[in-house]
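The same chain A turns up in both complexes below, where it pairs with chain B and then with chain C.
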Partner chain A sequence: MEQAKGFSLKEWIFATDHKKIAVLYLITSLTVFVVGTLLAAVIKLSHWSPAMRELIGAKFYNVSFTIHGAGMVLFWMIPVFLGFFANLLIPLMIGARDVAFPRLNALSYWAFAGATILAVLALVLPGRLDVGWTGYPPYSLVTDANISLYVFIVHLLGISALASAVNFITTVITMRAPGMTWGRLNLAVWGLLGSFVIQLFGIPVLAGAVTLLLFDKYLGTNFYNASMGGAPVLYQHLFWFYAHPAVYVIALPAFGITSELISTFSRKKIFGYTSMVIAICLITFLGFDVWIHHLYTKGVVAWANVIQSFLTIIIGVPTGIKVFNWVATMHKGSIEFRAPMLYAVGFIILFVIGGMTGIANGLLGTDVHFHDTYWVVAHFHTVLSMSMTLLAFGGIYFWFPKFTGRMYNESLAKTIFWLLLIGSLIAWMPLYKAGLEGMPRRYWQIPAQFQEIFKITAVGGFMLILGFVLTLYNFLASAIAGQKATANPWGAKSLEWTLPSPVPSYNFKTIPVITGGPYEYGNPEEKLEGQPAAEAV
Partner chain B sequence: MAQSSAVQFDAEHHDVGLSVWPFTVGMAVLLVMLGFMSAFQWKLPMVGMFVGGAGVVGILIGLFGWISQVYAHKFEAGLSKVAIIIFILSEAALFGGLFSGYLYNMFPAPVWPPANTPAGVPPLGLALILSVVLLSSSATMQVAENRLEKGDIGGFKLWLSVTMVLGLLFLAGQASEWTKLIGEGFTVSTNAYGTFFYTVTGFHGSHVLVGFVLMLFILLLALGNKINKQRQTVVKACGYYWHFVDGIWLLVLSLIYVLPYRNF
Partner chain C sequence: MKSILTLMAAVLLLLPSLASAEGAALVDPVKSWDNHWNMFLTIVTTLWAFVTALVIYMSLKYRRKKGQGDGAYIHGNILLEVIWTAVPLIIIIFLGVQSWNVYRQQITVPKDAYEVNVEGFMWGWNVTYPEGLKTINEIRVPVGRPVKVNLTSKDVLHAFYIPAFRIQEEAIPGRTTNIWFNPVQKGEYTAYCTEFCGSGHSLMLAKVIVMEKTDFETWQGKQKEGMVLSPLDKGKKLIADLGCLGCHNITGEKTAAPTFKGISGRETILADGRTVKADDSYMANHIKDPKSTTVKGYSQSMPPYNLSDEEINAVTTYLKTL
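Take a look at the complex of A and B:
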């Protein structure tokens, strides 16, 4: 067995094994998550009282929310799904021994690691970024902040994402085990595939947009310079053409993983598999046609606003299908509330709250009022940030045996769940009210009538921070000294659970022949044929 | 589909083992970026040249080592047709973004190109000659692929070299055009048209350059007897890429060179 050998740094730095690369992604993204959490603490402290605000200062507040936003979206949410979960799950779930291009996969990680190094430098070097995570011109062209840092972070992430997208799409197309038809793929694989398609078409456009910004800033071009015939709003179009679908890059794998968790712990076949797949495809496609809802107040022509508002609302349909299917899967199931299931249900709760408020954002009339207020901040922190983070934690707990060979601390995980769910509600729900009443986002100064609201939300924020600290402790302590896990502690039917925990480096001793779907609960006739879990390796 | 690939994966294949090259290339790319930052943000051009140059050397060494490692395997691994098509789709998205940005600036403009553009810009005549050069290089590439298919390695090398010469001719023509225009005072900073002119032709030219370097690699491999009828996916991949770059040129030609001469 592998873990009998001692730890060797070389085996990690030069690794091409998809499971090792997955762990590298997880460690890196959790590290940035810690930094992002510290910056969130700065933001929440400055919300606490005027005295704290004076202490922190406006400039540092700007830097904090810039790096917090960019760090959490680009280095935690996206890599944890497309780096960690994709690497860990896709080869195991399709019955392959590795990805199509293992070395390219390693390059994806190292480009991502390079971006992480730059992101950390962004905190230390002079000319700290104060442009928000979007980096809009004209401000980004006149500020003395180091915009090249911002651009190169996006470039390195882009290299990483494109290499991964090519790699994993090729893997799923060409390396499925015999009998693994498209209709038998796990929904997690479908969700990840949808995300990679979005990355493939979206990332080049974002990389192009920021490259033009770099040229404008350092090489004297006029793309975004209105006085020379350029168009500043062009940046926003190109930016959001990727950056809006980027939320589906995070959401689609999260949807897929939710389906895995809900089905496993309800001991029921997933309700409406086909409609789930169609919904993923629809979201992948529609995600590219709604970016203008970030620009309703920017003077885009009216017909474009109306069309994209309509399409934005339409996205609620496939998303709704998914939520109803999860509930229908749970209906009359024999539900077992282990920690991953709790996290999945918590995800659905926060996601529905955030999703409903998203409808209000998508409508043209209401959005003009909500635009750039704390309503939007509350919206994306419920629909995206906290719900997806909860789910990522749930997924990490669920597959913990597969990459560490050990079990996590169940009761601690359950306690943390309540801390995180209640903390999220306290931290974000009051902000909807502040936003409705017109409090703009990103302001350092908080008017006296909103001070109470912000103080309450700061309490919720500190609950979340406590929850994160405990979660990291749970991951670390369990990975080192947790109970040894069996091959299939959940009694799950999906292919990866036929393998021992932890999975050996070659995954499958012989490539399995697949005869059934991944959710055949309560159907003894259809089971997966693979390598028996008990077999010594 | 799934079945045949599963069989391939049984033998010696599954494990490519440890590899130092991905790490090397990743860190070298980082060095190039730090070099740019030193030169432009911190105004230390010498440091920038040194660090960036080290990065470029690192990338080349890394890629060379990477390719040697790929060719050390007995089995055919590396770029498959599926992968290169997927990659080309993302390249198409990059050019799509650039072209839409160009049109976004062009349509609302009262005069296009803007009034301070020198007369005779864009130079349509040279662009048309270069189009003929580039499109014929697509044809010669196809001939080279056909020769390889027939097992005629000598013919393959010959037609690949012809393709490379045509590619080089195109780049030289583009370079002389740039030099001439810059001499006439038409630069990236002149106006939005100048910005897009140099950026779009530059992006396209850099793709031609990448294709050229790729063909150089293939020529070296062919001279070392590493290319044959059984191991030709890298040639196929290069062919797809080259045809794509040539196809994109038609869009560059019509949008950047021809459209400014419209009369309406």
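Take a look at the complex of A and C:
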């Protein structure tokens, strides 16, 4: 990002530099985040009162939650981690000048950008998608929603994600700087690597699932069409075989980034690095054997339910290890509460709520009651919005100097944090109660006994929306006119902080030789700040 | 270390004892569910409070003081890590076994259960009783006897959920699934559809009415005698029950389906350019086989309805009054 040259559109369109592509991903995913937030506003407005509901109508409500869900998961949460953070951090953290295949990387981005445009258009094109982001047949086969568009979007995203996965896995395996052993990798890199492995094995299955849907709808095949002897629930197996692990695609990088923030601001070595890595690997592999927890009430044989129920809740163990290790990292630290640290701590507290309530979804007996109720909605919103989103914001603030060369507005960021934390508690906690009392999800009409609860949560929802608006303002205003950042404003010890802010296009003038890990705070034997062999320009 | 092993042994011993708990005379899955839930809630709330308290404690206690340098240089601690792997594992296995036990009660239907068949459709529930009676969106059962519900669907996926009985199951076209519940108390409960099935999904509610046995029998008797409604009332009820109003309306608004207001005798322009008068036979035909003619400007989204001549007559009688 050479300041001197000024802005050139061509430079961005033909960019292959991983940092530029990272910024493109960030801008695109934030754009969809805005659209998703507007749709969330429609949903919350419709929850507000019966009159509002009539005004919005069932069809528009259904279209709104479909695009809201697909947008937030597939175009905001996954790309912000696997597009933005992966691109920005992986080469810098492993000591490389770019990814293994820079042009393939550009292709990944542009496929994603194309999918984004189509997804937003899906809101207005005829045959608006009202099938839920899951698109279950046979409903998706009989409605007049444009399923071909849905499938095409998923395929474009799939091409983008598979190319990225191959690219980044290759990069981490082959392009680490001399001395960058597996045991010295940042946990953020480990988390991202786990996610890419999931993408590589999961996405082909999703692609197959939706392709069969396409064939059923337009070519007259009968994979899912029950009236012709097909098996509608088959789709759900294939869909969740990817879509459950997709949860960890988001969570693993978030865990990694949390480790970076906690260690840096506690000025302390990560507690139990090895078990952190083992936990990431365990979650990656276990994640593929738990999809049936979405199908406990779908006529699957009982023993399969039982096995996957145990596997599901056992994932709580490696997750618990991570949480306890974070807390232990803070122990005897020298903690400074800059905004990113605040966001990381908020993440832990909210994420533990989400994790615990997730166990209720994984347990067989409880889930038979909770499945497809607002309990589940409350659960995944406490996980994704806010804890994961909060953490993404924290990470963006943390590395803001590295990709913009400027600092964000600290006090504004801290104020927003409290708004988001309180807003999300008001927006989601009451919904657990609604779910417990049996309020089904995806309901345009709200039975009278739940109206009160929904009114309260709508207030929380609007607090979140205000928080998002302020966050976007902070990002934009700071990127344009923030204070110039120094190379290492946090005194962090990880490799990327040895480079100037913003990072020059070639990253490292000479490829560094790595002599220590990224978290060597307080190491009595190390005199120098940062990794000695890395060179500033 | 020793105490952990003892705990593990205790959990393993618990397994068979839970497994044999089944024989009990008449289980009430709702009670089991609620007990399990209370246990779960106590454990996770305690855990959450514990972690949050730790986080807050660390945040306050180890806040950087002026001029303070780095924190202590600590790699980890094997014993601590083993503890916070093992303890959660034990808790989780304990909860898992308990929940499994609840689930077994949920899926083990008692032999003497009263059986009703429920078929989901867009958007309502057809109920058939063993005695041959039929109702729509209303299930009446006698109190004190377990009820088994055989589920299927006419069109897309639906799911049948009665929160009061903590039970739900998918209604799958071409297959039969089932649930059971134990109506120990008289009363009216709501059943919801919990699988998204289109614009009428949130209107797909049914009543579960648990009655005194004698009341139930009287009701059945009356139904059998054919305590008939007038065709007009019957038509009105059918239109509401069958979910026609999920697409159509009677107010005259323009929506995704033609309004019922003033439909009878209306000049309708068809997609193939013909103009027809919407008389009884046209309407009857359109309800039985909606794809045979299509109104201009609308999609062919209306599903066919397999109604008897008497029912069709009732519907058209009612439509004429709008």
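One rule holds for everything that comes next: the second predicted complex is superposed on the first by the 523 of 537 C-alpha atoms of A that agree within 3 Å, B and C clash if a C-alpha of one lies under 4 Å from a C-alpha of the other, contacts with A are read in each partner's own complex, and residues count from 1 in each chain.
The rule is short, and it goes like this: a contact is a pair of C-beta atoms (placed from the backbone, for glycine too) under 8 Å apart; a residue touches a chain by one contact, two chains touch by 3 or more.
Keep in mind that this is a model prediction, so the values were computed, not measured.
Q: Is A:A165 touching anything from chain B or chain C once the two structures are fitted on A? First, second, both or neither.
A: First partner only, chain B.
Q: For A:G229, select first, second, both or neither according to whether it touches chain B, chain C, the two together, or no partner.
A: both
Q: Considering only the touch criterion stated at the top, classify A:G208 as touching first (chain B), second (chain C), both, or neither.
A: first
Q: Who does A:P50 touch here: chain B (first), chain C (second), both, or neither?
A: After superposition on chain A, A:P50 lies in contact with neither partner.
Q: Touching A:N146, do we find chain B (first), chain C (second), both, or neither?
A: first
Q: What is the contact status of A:L156 with respect to chain B (first) and chain C (second): first, second, both, or neither?
A: Touch status of A:L156: first partner only.
Q: Does any part of chain A touch chain B in one structure and chain C in the other, and if so which residues?
A: In chain A, positions 229 sit in both the chain B and chain C interfaces.
Q: If we count contacts the way the header does, which residues on chain C are in touch with chain A in the complex?
A: Per the stated touch rule, the residues are 32-33, 36-37, 40, 44, 47-48, 51-52, 54-55, 58-59, 62-65, 68-77, 80-81, 84-85, 88-89, 92-93, 95-96, 98-104, 106-107, 155-157, 159, 161, 163-164, 166-170, 172-175, 177, 190, 192-203, 205, 246, 256, 299, 301, 303.
Q: With touch defined as at the start, can you tell me which chain B residues reach chain A in the complex?
A: For this pair, the touching residues of chain B are 1-3, 5-6, 9-10, 13-23, 25-27, 29-30, 33, 36-37, 40-41, 66, 69-70, 78, 80, 82-83, 86-87, 89-91, 93-94, 96-98, 100-101, 104-105, 108-109, 114, 187-189, 191-196, 198-199.
Q: Across the complex, what residues on chain A touch chain B?
A: Contacts found on chain A: 10-11, 13-17, 95-98, 100-107, 109-111, 113-114, 117-118, 127, 146-149, 152, 155-156, 159, 162, 165-167, 169-170, 173-181, 200-205, 207-209, 212, 215, 218-223, 225, 228-231, 234, 237-238, 241, 505-507, 510-511.
Q: Contact residues on chain A for chain C in the complex?
A: By the definition above, chain A touches chain C via 58-59, 62, 130-132, 136-139, 142-144, 226-227, 229, 232-233, 266-269, 271-275, 297-299, 302, 305-306, 309-310, 313-314, 316-317, 320-321, 323-325, 327-328, 330-337, 345, 348-349, 352-353, 356-357, 359-360, 363-366, 368-369, 371-373, 437-438, 440-447, 521-524.
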